[in-house]
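Next come two complexes built around subunit A: one with subunit B, the other with subunit C.
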Partner chain A sequence: MVSYIARRIGVSVLILIAASFIMYVLAAHSGDPLQDLEGSSSPNKQALIQARVQSQHLDLPSPVRWLLWLGGVARCIVPIGGGCDLGTTFQNQQVTQLLPEATAATLQLVTVAFVLAVILGVALGMITALRAYSGFDYSITLVSFFLFSLPSFLIAVLLKSFIALGYNNFLADPTLSPLALAVWGVVVGLIVQLIVGGTFRKRALTFVIAGVVTAAILWYMSITKWFTQPSLGPVVVIVFCAAIGFAFVALLAGVHNRKAWLTAGINVAIAIVCYFALQGLLNVSSIGTLIILAIASVVVGLVVGFFVGGYDRGLMMRIGAFTAFFTSGVIVLDRFMRSWPAYMDITNDRPLATVGGATPGLNGDVWITGLDTFTHFLLPTISLLAISFASYTRYSRSGMLEVLGQDYVRTARAKGLPERTVIVRHAFRNMLIPITTLVATDVGALLGGAVITETVFGISGMGRMFVAGLYSTDVNPIMGYFLVVAITAIAFNFLADLTYSALDPRVRVR
Partner chain B sequence: MSTIQGNLPEPTLNDDASDGQADTKKGQSQGRIILRRFLRSKVAVAALIIYLLILVFSISAIGIGPIHGWWHYTYKELNPQVNQGAPTLSLWPFSLGEHPFGQDRIGKDYFALTMRGIQNSVLVMVVLGVFATVVGVVVGAIAGYFRGWVDAVLMRITDIFIVIPALVVGAIVGRTAGGLGAFGLAILLGLVSWMVIARLVRAEFLALREREFVEAARVAGASDARIIFRHILPNAVGVIIVASTLLIASAILLETAISYLGFGIKPPDSSLGLLISQNQSAFTTRPWLFWWPALFIVLLALCVNFVGDGLREAFDPRQQRFSLRRTKETEPTEDEAAAQVNAANAANVAGTTIDDGPSRAGVPDGPASDDSAGGDSAGKPDGGGSSGSDKDQS
Partner chain C sequence: MKITRKRVRPVLGAVAVAAAAGMVLAGCTTSTPSSEASSSGKTITMAQVNEVTSFNYNTPQGNLDINGMINYMTQPQFFTLNQKYDIERNTDLGTYKKLSNDPLKVEYTLNKGDKWSDGTAMTADDLLLGWAIGSCYYDSSKTNDNGDVVSGTQYFSTAGGCVYQTDLPKVSNDNRTITFTYKQPYVDWELVNPIQLPAHVVASEIGVSTKDLTKAFMNTPAGDADNPAPANKTLEKAAKFVNTGYDTTSLPKDKKLLVSGGPLVVSAWTPKQSMTLVPNKYYTGKHKVNFGKLVIRFIADANAQVTALQNGEVDAIQPQASADTLKALKAASGVKIQTGDQVAYDHLDLNFKSSVFSDATERQAFLLTIPRDEILKSIVTPINPKAKVLDSQIFLPGQEGYDQSVKQNGSSEFDKVDIAKAKSLLAGKTPTVKILYNSQNPNRVDAFQAIQASAAKAGFKVVDGGSPQWASLLAGGDYDASIFGWVSPGAGNAMLPQLFQIGNGSNYNNFNVKEASDLAVKSQTTLDASKLLDIKMQIDKLAFTNFYGLPLFQSPGLFATNSKLKGVEYFGGQTGLVWNVWDWSK
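Our next item is the complex of A and B:
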């Protein structure tokens, strides 16, 4: 095992060096680095050109410059004289300084999209596998094929032009017409009946109920001006918390498990008490306190689960932690919503942003800045999400179908386990094995994957840095981008292989 | 795969049981059986027809090379603005009008531009697909057949190319070679997209070269080249065709993405991605400049994806229709049970096998590789191939 890892790392480093050479030479020869200066009309043109040639060593051939660059990189690992040096851009900024900022922006964008894509994709893939060859399955298949076929810039431009502008215009007069209510009702009703499935009678009933409920809620939101002054209020918070508790019990333990009910019930009760007790603290919170509160809630959930115990203590602790975490999420959501009117004022009633990563010159408490990040990253996140979640849906669908056909699932059914247990405990866990490796490999590609989304939405992440470098044939930022992307790709590929052998005992690395 | 599959009964056709038996009784060739399976998938056939129709339409409309088409404008000439460039196409009563797709800001006929864009995008797709497939097959076949140091060297070279994101190299190369036009761009992009196929073919060859028929050919005195191309390659053709279809689907997204960034095909020539990037700022004033190329990008990509899905099902008899309801409600007969076990087998989930590397595990289900999904995430190393091959190496 150790020798395997050592060998892999050695080979990876060699591959990285070779790939960086190819990249460097390609990038250096992709254009004329002096083009912008030669076309300029400034009086000290010659001096500027001289300065750039000096600072970028443009008088040397590109392989020699690559060696210089490689020397700088080597100093990042072996601390001999000068420390890390990835070169400078044409604007004389250190790449080592630019890179952390850019990486942070990209991570901010990519993390949420990625996590949501995996969760949504796996969930939808499972549902479609359970309803294989039904209307729902075919519709999701069609949608995911459609999403595969959409170039990412297309989604991004469409989101900008329709969702952002449309929503901002809608907020100017936030009332829904009866026609809009009817359309939303029908759409939601159709979707819900497809998911629920069953006989025609059951589906028709589901359709009517879901449609009417949706329309009624929207109508209520519309007349109470909810869209401009959103909040959940105590009643909805309590209902949501209870629903979360119910969902986790039903999903993880089954509705007949009394201990699970007790765990979830205690946690929901704590959450509701906290909702009333903690408002003052939330008002003066910073990001730090919010993180502490989130950790505290998970710990409380685990502790409750531990003390309820029962024959399956681990399960209780899981239910407790999940319930506590998500109910506190509801409380935080409610608090964010109550800052919405203030945020609307700041943005002149046009909250959804289409460009950039933050409103310039914004200063407010954690809630205002949180909302600002939300409105700026919502659309880019959706556009990244839409693409990658389609592939996870397909993978998890076929993975689930395969697992459902396996002998051990039939055995589980044959010994009389409830369907929920068969799906959640036997099928789902085994389906996750290949998905895990897929996810690990994707993480590597993900960092480099947001180039176009960043370009369209004007987020100054790594992709932007790369594209800007490419336009001006500025090699150092390109190589900085490459270094981060390639290292994560290699590292996570490696990790994927290791997780696979760790998760699946049939597979062993040699 | 054989770790999971080895002890399972031979795949028995379930839904297609009758067809399958008929196939074997008549003694049809493998190709005919696969063709029949493919033709049975109506969506895939429809997609193929639509794809060809679009291609024929675009070629006949503005012609190809020096030959003129039936459309009276070219994509280069500037025309006076008619009705501020709004589309004159009307479906009922049907008439094309002067400029059916409208005109762009400087008065070029947008129909001709879009048709030219389709031609270029399809050209890139096909050339890239063929070129990358040929390179990938040759590299993979040599590596898998000869093994040893040849394999090690070739696979490390593949690794190097995998580490470099395709979008990145595409952009750099496209910028360097922007003047080469669609054909040159396609070849250069093909140079950086053959890795997935190489790994799949290698894995396939590693498995096939141990089979008896290869041994028989060798005993009979066949040369290495003959064994590779006459004996092993025909058996690996399924994996290759499916993978290259998916590659073609990702090719159009890669081309449009690179043209969108401004590194691909340059004006006055036209490409669908380029048209969108030139005109996205005019979205509110002249939305048709955006919609027509967008429509054709999505149509072309969708068609290729559906064809790829149909091919995958045709080549993989293990991929059966599997219904949970049927499993639960009916007591499966022995045949059915076997079919269900093999049902929907994991040719699709990448990286299913590591232990015995050679497998078709890397062929994604549908056009699922992320490159194809986005044209955005660049050059994702293929999960299945990579994990398989690396383990096998060591």
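Our next item is the complex of A and C:
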């Protein structure tokens, strides 16, 4: 194992060096680095050209410049002679300073989208596999392929003009007309009946109930000015918390497990008490407070699970932790909502943003800045999500179908295990093995930056740094980008191999 | 009973943990920050394409428009340009006057009470530093072709270069006035702004007192490349700091770098996103701003700028002008659009050294086939409906002298395509013309194709010489004609010898009319405005009558603002949107 890891690292470094050489030379020859100056009419033109040639060593052939660059990189690892040096841009900016800024912007943009894409993709893929060849399956297939095929710039622009501009305009007079209510009712009804499925009678009934309930809720939100002054309120918080408890019991333990009911029930009760008790604390919270609260809630859940215990103590602890964590999420969500009117004031009643990652000069508590991040990253996240989650649904659907057809699943069913156990415990875990590899390789690609999404939403991350460097044949920022992307790609491929062997006993690394 | 106990225990445990957590949390809370509604004045937000890279615009690497904009608002200016590119004196800071013509002597006086944004008084020390940076007085360097200094010392390296020479300036006793004596008359003396960076900041950054810095300037002899003196250490350090010390990627921790002498001062910078400027409380006069905060957001994509404007996230934008952007802006409600010309213009130059165009008749015949109107209509009119064909090689429309010069320079001969005349001039010959242009610029490709089609009618065989590496090919001369763009500074006459002097490095097309060349050189030492105008008109005429080439069009520019922001006016120069920032209100 150790020799395998050492070998892999050695090979990776060699690959990196070779790839960096190819990248450097290709980038250096992709254009004329002096183009903007050579066409200039400045009386000082020659001096300007010389200054750039000097600072970027353009008088040397590109392989030699690559060696110089490599020397600077080597000093990042072995600190001799002046420390890390990834060169400067034409504007004399240190690439070592630019890279963390760009990486941070990209990470902020892609992380949530990536996590959501994996969770949603796998969940939807699983559900469609369980109900393979149903109307629901076909609809999800249709939608995911549709989103997959949409060019990212188009989906981004559509989101901006319909969601951001549209919703902001709607907020100026947030009342829904009867027609709008009817349309929403029909649409939601159609979707819900697709998910529920069953006989025609059952579908029709589902459609009517879902439609009417949706329209009624929207109508209530409309007349109570919910869109400008949103909040959940005690009743909805209690209902949500109870629903979360129920969901985890049903999903993880099954509805006949009384201990599970007890664990979830205690946690839901604690959450509801906290909802009323902690408001004063939440008002003066910082981000640190929220993190401590989150940890505390998980600990409480674990402790409750531990004490309820029984023959399946581990399961109880998991149910407790999940229930506690998500119910406290509901409380935090409610608190965020109640900061919405203040945030609307700050943004002149146009809360949804179309560019950048934050309102410039915003000065507010954690709830306001949290909302600000939400309004800025909502649309870019949706647009990235829409494109990338399709592939996960496809992989997990086919993976699930394959696993479900295997002998050990049939055996599990034959010995009388409940369907929930068969799927969650036996099938789901094995389905995850190929997905792990996919996720690991995707991380490298993700850091490369979603160039187009970054451009359209005015977020200057890695993609922008790369493109800007390429336009002016400024090699150093391109190579900085390359380093980060190549190292993550190689590292995560390596990790994927290791994880694979850990997950699948049939695979061994040597 | 066992069960009951078990049920109580977890609750007790949970309560205990919750209580402990509560106590920890008490140490980790914040008080609610006060609302900023009370802050004086409104916030104006504008969008820019590029991010700031340096607080010193006047270096080879910092010479970007966006850096220039920041400097324009944060550095003291003795003058500004107006919409017609005329020089307007800015008496907020001080006054200047010409004392004599020969030798040219100019005296700059700071107003009493001028202060930098940290409260330090502005003095002649600052003027001396500004002069030292701009004049290259101390340089004694010789360089080889790669720009390596082989002997002597080069101190300040500037984007503008050494365009004038003076003696060591005289400083008055009250330390507010400085007098330059030029070695020879300098046509653009009014464009010399002898103050840029605060001397006390430069001095403290290199660890000396302002007095010592001034002493170093006063005591170091003028540079002599043939007998270079050993470098002055103080001066060398000061130059090194000025050359690179202001380059940065984020708000410098050292607040001294932000010291401003203009109406605004940089107060915050979120890298990659936005920069915030607030009024300089020590700035008084007519350029004092009427708002509380100016936020510049960096948004590269033109369409993203348009939606941000529509969504109220920014109040003013200056996107890359294109027909699509204009269409999107027109579709948006409550947006005020201003289109106009930029100081950049495209032109067709004929190579006087090429075998085809060394002959004047063939030059004339070729120019007669250039469909300038068609090119304008296909490239510029969709963006700027008011645009007209550019009819002068020297003046821009709106500048004093343009209308006068157009009447006399002979450009009217090329107003319309005249294939018949071109054919008769060619007398049956079918010359081959290779045109160099930037094949990656769609506008240049369009212009080339229009010219190719039109010239073919007269019998010219136009060969496609387009290349992405056009700029490095310009000086080689391996082409018969070239299409590319110049960026005129708007004011000043430094471009005249660049373009028309025989043997000048920027005279790519080897224009070799002696009379024009002599006039161009003479213009640089002509101080009399009417004489200068006359010289420029003569050169303009010589360029057309000798078939230098043809100016095609000015690049279109585009500003857009929402209805809340007042006072934004179009300006085609390099300071763009912010040229009249002091007139803005919201």
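Everything below uses one rule, namely that the second predicted complex is superposed on the first by the 501 of 510 C-alpha atoms of A that agree within 3 Å, B and C clash if a C-alpha of one lies under 4 Å from a C-alpha of the other, contacts with A are read in each partner's own complex, and residues count from 1 in each chain.
Going forward, contacts are C-beta pairs under 8 Å (C-beta built on N, C-alpha and C of every residue); 3 or more make two chains touch, one makes a residue touch a chain.
Model, not experiment: these values are computed from the prediction.
Of the two partner chains placed around the shared chain by superposition, subunit C is the only one that A:Asp59 touches, whereas subunit B remains out of contact. Once chain A of one complex is fitted onto chain A of the other, the partner contacts of A:Ser388 are limited to subunit B, with no touch recorded for subunit C. Contacts of A:Val299 after superposition: subunit C is touched, whereas subunit B is not reached.
In the overlay built on the shared chain, the residue A:Ser161 is in contact with subunit B and with subunit C. Contact with subunit B, but none with subunit C, is seen for A:Tyr500 once the two complexes are overlaid on the shared chain. By the touch criterion defined above, A:Phe240 lies against neither subunit B nor subunit C after alignment on the C-alpha atoms of chain A.
Look at A:Thr455: by the touch rule set out above, it reaches both subunit B and subunit C.
Of the two partner chains, subunit B is the only one that A:Ser152 touches; subunit C does not reach it. Contacts of A:Gly31 after superposition: both subunit B and subunit C are touched. Within subunit A, the residues touching subunit B in one complex and subunit C in the other are 31, 157, 161, 455. Interface residues of subunit A facing subunit C in the complex, by the touch rule stated above, are 31-32, 34-55, 59, 89-94, 97-98, 101-102, 105, 157, 160-161, 164-165, 168, 262, 266, 270, 274, 281, 283-286, 288-289, 292-293, 296, 299-300, 303-304, 306-309, 347-348, 350, 352-358, 360-361, 363-366, 455-461, 464, 468. By the touch criterion given at the top, residues 6-7, 9-11, 13-14, 17-18, 21-22, 24-25, 28-33, 36, 43, 45, 51, 53-54, 59-64, 143, 146-148, 157-163, 244, 247-250, 268, 270-274, 276, 293, 295, 297-301, 303-305, 307-308, 310-313, 468-472, 474-475, 484-488, 494-495, 498-499, 505-506 of subunit C touch subunit A in their complex.
Here subunit B touches subunit A in the complex through residues 3-4, 156, 159-161, 163-165, 167-169, 171-173, 175-176, 249, 253, 256-257, 260-263, 273, 276-277, 280, 283-284, 290, 294, 297-298, 301-302, 305-306, 309, 321-324, 327-328, 340-346, 348-355, 364-370, 372-381, 383, 386-387, 390-391, 394, going by the rule given at the top. Contact residues on subunit A toward subunit B in their complex (touch as defined above): 4, 7-8, 11, 14-16, 18-19, 22-23, 26-27, 29-31, 129-133, 144-154, 157, 161, 384, 387-388, 390-391, 394-395, 397-399, 401-402, 404-407, 410, 413, 434-435, 437-438, 441-442, 444-446, 448-453, 455, 466-467, 470-471, 481-482, 485-486, 489-490, 493, 496-497, 500-501, 506-510.
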